[in-house]
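In the two complexes that follow, chain A is the common piece, with chain B as its partner first and chain C second.
On to the complex of A and B.
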């Protein structure tokens, strides 16, 4: 089966042939399979946002290709438009895109643009509101009357309501308090379990990626530095730290233990794994 | 696309023109523009062109950027040229067709006008290319400060101008972002008739206004927190002092002034 998203030598420059030319991504060739949960991590300015805007045809590559289900996005006008709906992209700080009179209408904006019937729109809006935990009462409010976290969830629902094959979220937890962060991450996880769709999560929190994703893509200075299963990527802790990225806090603890001479594995990246590793160790040390 | 809009754009650099006192630059640009309209024949106009080229060379602004600043007025240039060619009375007829006739005087006038406009745009672009918007408003504020006697709040006006200039790039960036976010939800901005397109702007304009107001409130709040309470009695972090190079520049422009007067007087006026 063809991968859902495949890029071939994707390169993008901003302001090409001007004094202000910036290379945002160079030669990115990756394949994302159906149903995978990919975390994209990298320093600010490493090209994460640029890369994901190629997945739904918002940006046109300067060279290279983007294939959706094996077909080039830029083949025709129609293929670009269908890419917009196949790949749902939720930008960073998506609450700034809210504009309608009611939350309901705002969530319905995407499905309406798809040309769906009223009944279908209604089911989709209610379903999306369910994923993000907005009540029927909140749907009738003005989006500007919601709290910060609720606004964020309403905006995410606006993308989910298009029921895209691939859901891409650009730093969905940026600027939220810890509780808001947990809520958003939880609902993304739930959404994926319920719909089984492919999810791509851009984040600079390694802990979030470690907790949720099955694969991790590391971007460094516009290039792909690593791409593989999460445990494999986090086992290269020192290289990640050299790129100025933090490894998950648990991993750092275990790297510290290892440095102090304890025979622990350093490919521990969630608390649960850490607990098991410690139990294994204590069993070893004092039987 | 929307990022291509460039208003009062500054090109970072370290030429003598960049380092000139902004007040002096503003005043000299003003005189430079006056001189352009004092030229009466091709000799003085030639001197004008020579000085324009000289200043461009000193500024080290790439010729490409200079041409770019002329691009928006290309239509105006053509229009001016055509009008002058056909609607100038008198002179020797070179050729004619239908009711129109082209005279030597018409051609001269057209050429004159086009060159004047080019010099005008080049001169004023040099000012904005080599002066940051902040310095420029600062300079304008100081130059206008005598107006205080008429109870005009020059500092407030200057602060408003500085803030407006400061937020142009921010708002352009914001527009770009919102447009992308709505496009990702399938908004179609490119097709349909006038009404459909105007309607398609609503999802972009509303968030844009909301965010502009939010930014304005935040900024006002931040300014108040740092004890801003209008311009009265504020001192400056950066003092502006005239240096030798500023006098040199003034001298150059004065020389241009005298040269143009001399050439106007020495040779016959064309128009």
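On to the complex of A and C.
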């Protein structure tokens, strides 16, 4: 089966052929399989947002291709339009984009634009509200009467209600407190388990990526620096730190132990793995 | 001079004071901030942190109780100017607080408004930009800077007014890890080298571990107040307040319950590495 998203030598420039030409991404060739959970990491300006805006045709490549289910999304007008629905993009601070009179109408905006019938819209709005934990009562409120965390969840529901094959979230936990962060990450995990859809999460938080994603894509200076299983990527801690990225705190601890001469693995990225590694080391558990 | 730069005496504040019984966002807070200290403030969204911050330099004025800055009552309109040149604020979004089109003009905005002599402004702007490591960028356009750099410019704009205290309201929330580190290091240096008092609001526990003192807010009140070690030793209260333990603390706790002999109160990766290394040595692993 063709990968759900494939890019071939994707390159994007801003302000092409002007004095201000900047290369945003160069020669990105990646394949994302159906049902995968991919974390995209990279410092500010590394090209993360530019890349994800190609996945649903918001940006057109200057050269190279974007294939969705094996088909070039820029083949025809229809294929671009269908890409918008197949790949749901949830921007950073999406709560600033709420605009309708009620939360219900706001979540219904996407499905309505897809030309769905009222019954189908209703089902989808309620299902999406369920994913993000908004009650029927909250659906009738003005989105502006919700708390910050609720607004964020309402905005995410608006994208989920389109039931895209691929859900892309750009920093969904930015600015939230620890409890809010846990809630949003938990609902994304749940959504993925229930729908089996592909999820792409852009995040500065390596701990979040370590906790949720199966693969990590690292962008550095407009190029793909690494793309592989999460443990493999985090085992390159030192390189990640050179790119201005953090590694999960536990990984940092194990890098430090390794520097001190302890024979530990450095591809440890969760507390549980760290615990097992130390138990192994002290001989209480066989590897 | 009083050793406290900011004092809250039984302060309450509600946003809609017109409405009878409007819920107070800050409730009966009594607090003093010592001159030269570095205080971190934690609390979930809506716990009253930002309101507390705005009460520090007369952006908001309490309905009951009294806030004083160097002994000046923030409710006295005539003193607002002096209060704001003593306590400066840096906000979360770097793009919302830059006013000029050139970095050094932006830093000069504050002192200009204070009526400082042009020659003196030049000196202060250069000094302020050097103190945040942004002097080489003085002729840049702010929108070409990274988030961390913009926040440092905003901080320079405050220090150029020679404020004695900076209140930062989640200055790192919108930054990437490198930007967060830049801002944290800058603020620590200003505190250490220039003796500027720092009140630092954050959602990142590992940033709070670097302060001298940590306050935890919940429901408008201060529920914990002490050194990072003291505060983070109250695990249940921290979790109940919707916060986390620093990752290194969580990991060490896990190891302790597995029978590893680590000391209590580990907060940073460095402390955790030391402790595990010492234990491994004792067990003869290396």
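Everything below uses one rule, namely that the second predicted complex is superposed on the first by the 283 of 287 C-alpha atoms of A that agree within 3 Å, B and C clash if a C-alpha of one lies under 4 Å from a C-alpha of the other, contacts with A are read in each partner's own complex, and residues count from 1 in each chain.
By definition in this document, contacts are C-beta pairs under 8 Å (C-beta built on N, C-alpha and C of every residue); 3 or more make two chains touch, one makes a residue touch a chain.
The structure displayed is predicted, hence computed values, not measured ones.
Asker: Which partner does A:130 reach: the first (chain B), the second (chain C), both, or neither?
Answerer: In the superposed model, A:130 contacts neither chain B nor chain C.
Asker: For A:263, is the partner it touches chain B (first), chain C (second), both, or none of the two (neither)?
Answerer: Only chain C is touched by A:263; chain B is not.
Asker: Let me test your reading of the model: by the given contact rule, A:114 touches which partner, first (chain B), second (chain C), both or neither?
Answerer: After superposing on A, A:114 lies in contact with chain B but is clear of chain C.
Asker: First (chain B), second (chain C), both or neither: which does A:85 touch?
Answerer: A:85 sits against chain B, while chain C stays out of touch.
Asker: Considering only touches as defined above, state whether A:248 meets chain B (first), chain C (second), both or neither.
Answerer: Touch status of A:248: second partner only.
Asker: Tell me which touches more residues of chain A here: chain C or chain B.
Answerer: The partner making contact with more of chain A's residues is C.
Asker: In the superposed arrangement, does A:94 touch chain B (first), chain C (second), both or neither?
Answerer: First partner only, chain B.
Asker: For A:228, is the partner it touches chain B (first), chain C (second), both, or none of the two (neither)?
Answerer: A:228 sits against neither chain B nor chain C.
Asker: If we overlay the two complexes on their shared chain A, which of chain B and chain C does A:159 touch? Say first, second, both or neither.
Answerer: The first partner, chain B, only.
Asker: May I ask you to decide whether A:275 touches chain B, chain C, both, or neither, giving the answer as first, second, both or neither?
Answerer: After superposing on A, A:275 lies in contact with chain C but is clear of chain B.
Asker: Jot down the residues of chain A that show up as touching in both complexes, chain B in one and chain C in the other.
Answerer: Overlap of chain B and chain C footprints on chain A: empty.
Asker: Considering only the defined contacts, which chain A positions touch chain B in the complex?
Answerer: So the residues of chain A in touch with chain B come to 15, 19, 53, 56, 58, 81, 84-85, 88-91, 94, 96-99, 109-110, 113-114, 144, 158-159, 162.
Asker: Which bits of chain C are touching chain A when the two form their complex?
Answerer: Going through chain C, the ones touching chain A are 43-46, 92, 146-148, 170, 173-179, 203, 205-206, 242-244, 246-248, 250-251, 254-255, 258, 260, 269-270, 272-273, 276-277, 280, 283, 285-286.
Asker: Using the touch definition from the top, list the residues of chain B that touch chain A in their complex.
Answerer: Within the complex, chain B touches chain A at residues 3, 11, 62, 65, 174, 177-178, 180-188, 202-203, 206-207, 210-211.
Asker: If you look only at chain A, which of its residues touch chain C in the complex?
Answerer: Interface residues on the chain A side: 43-45, 147-149, 174-180, 204, 206-207, 244-246, 248-250, 252-253, 256-257, 260-263, 271, 274-275, 278-279, 281-282.
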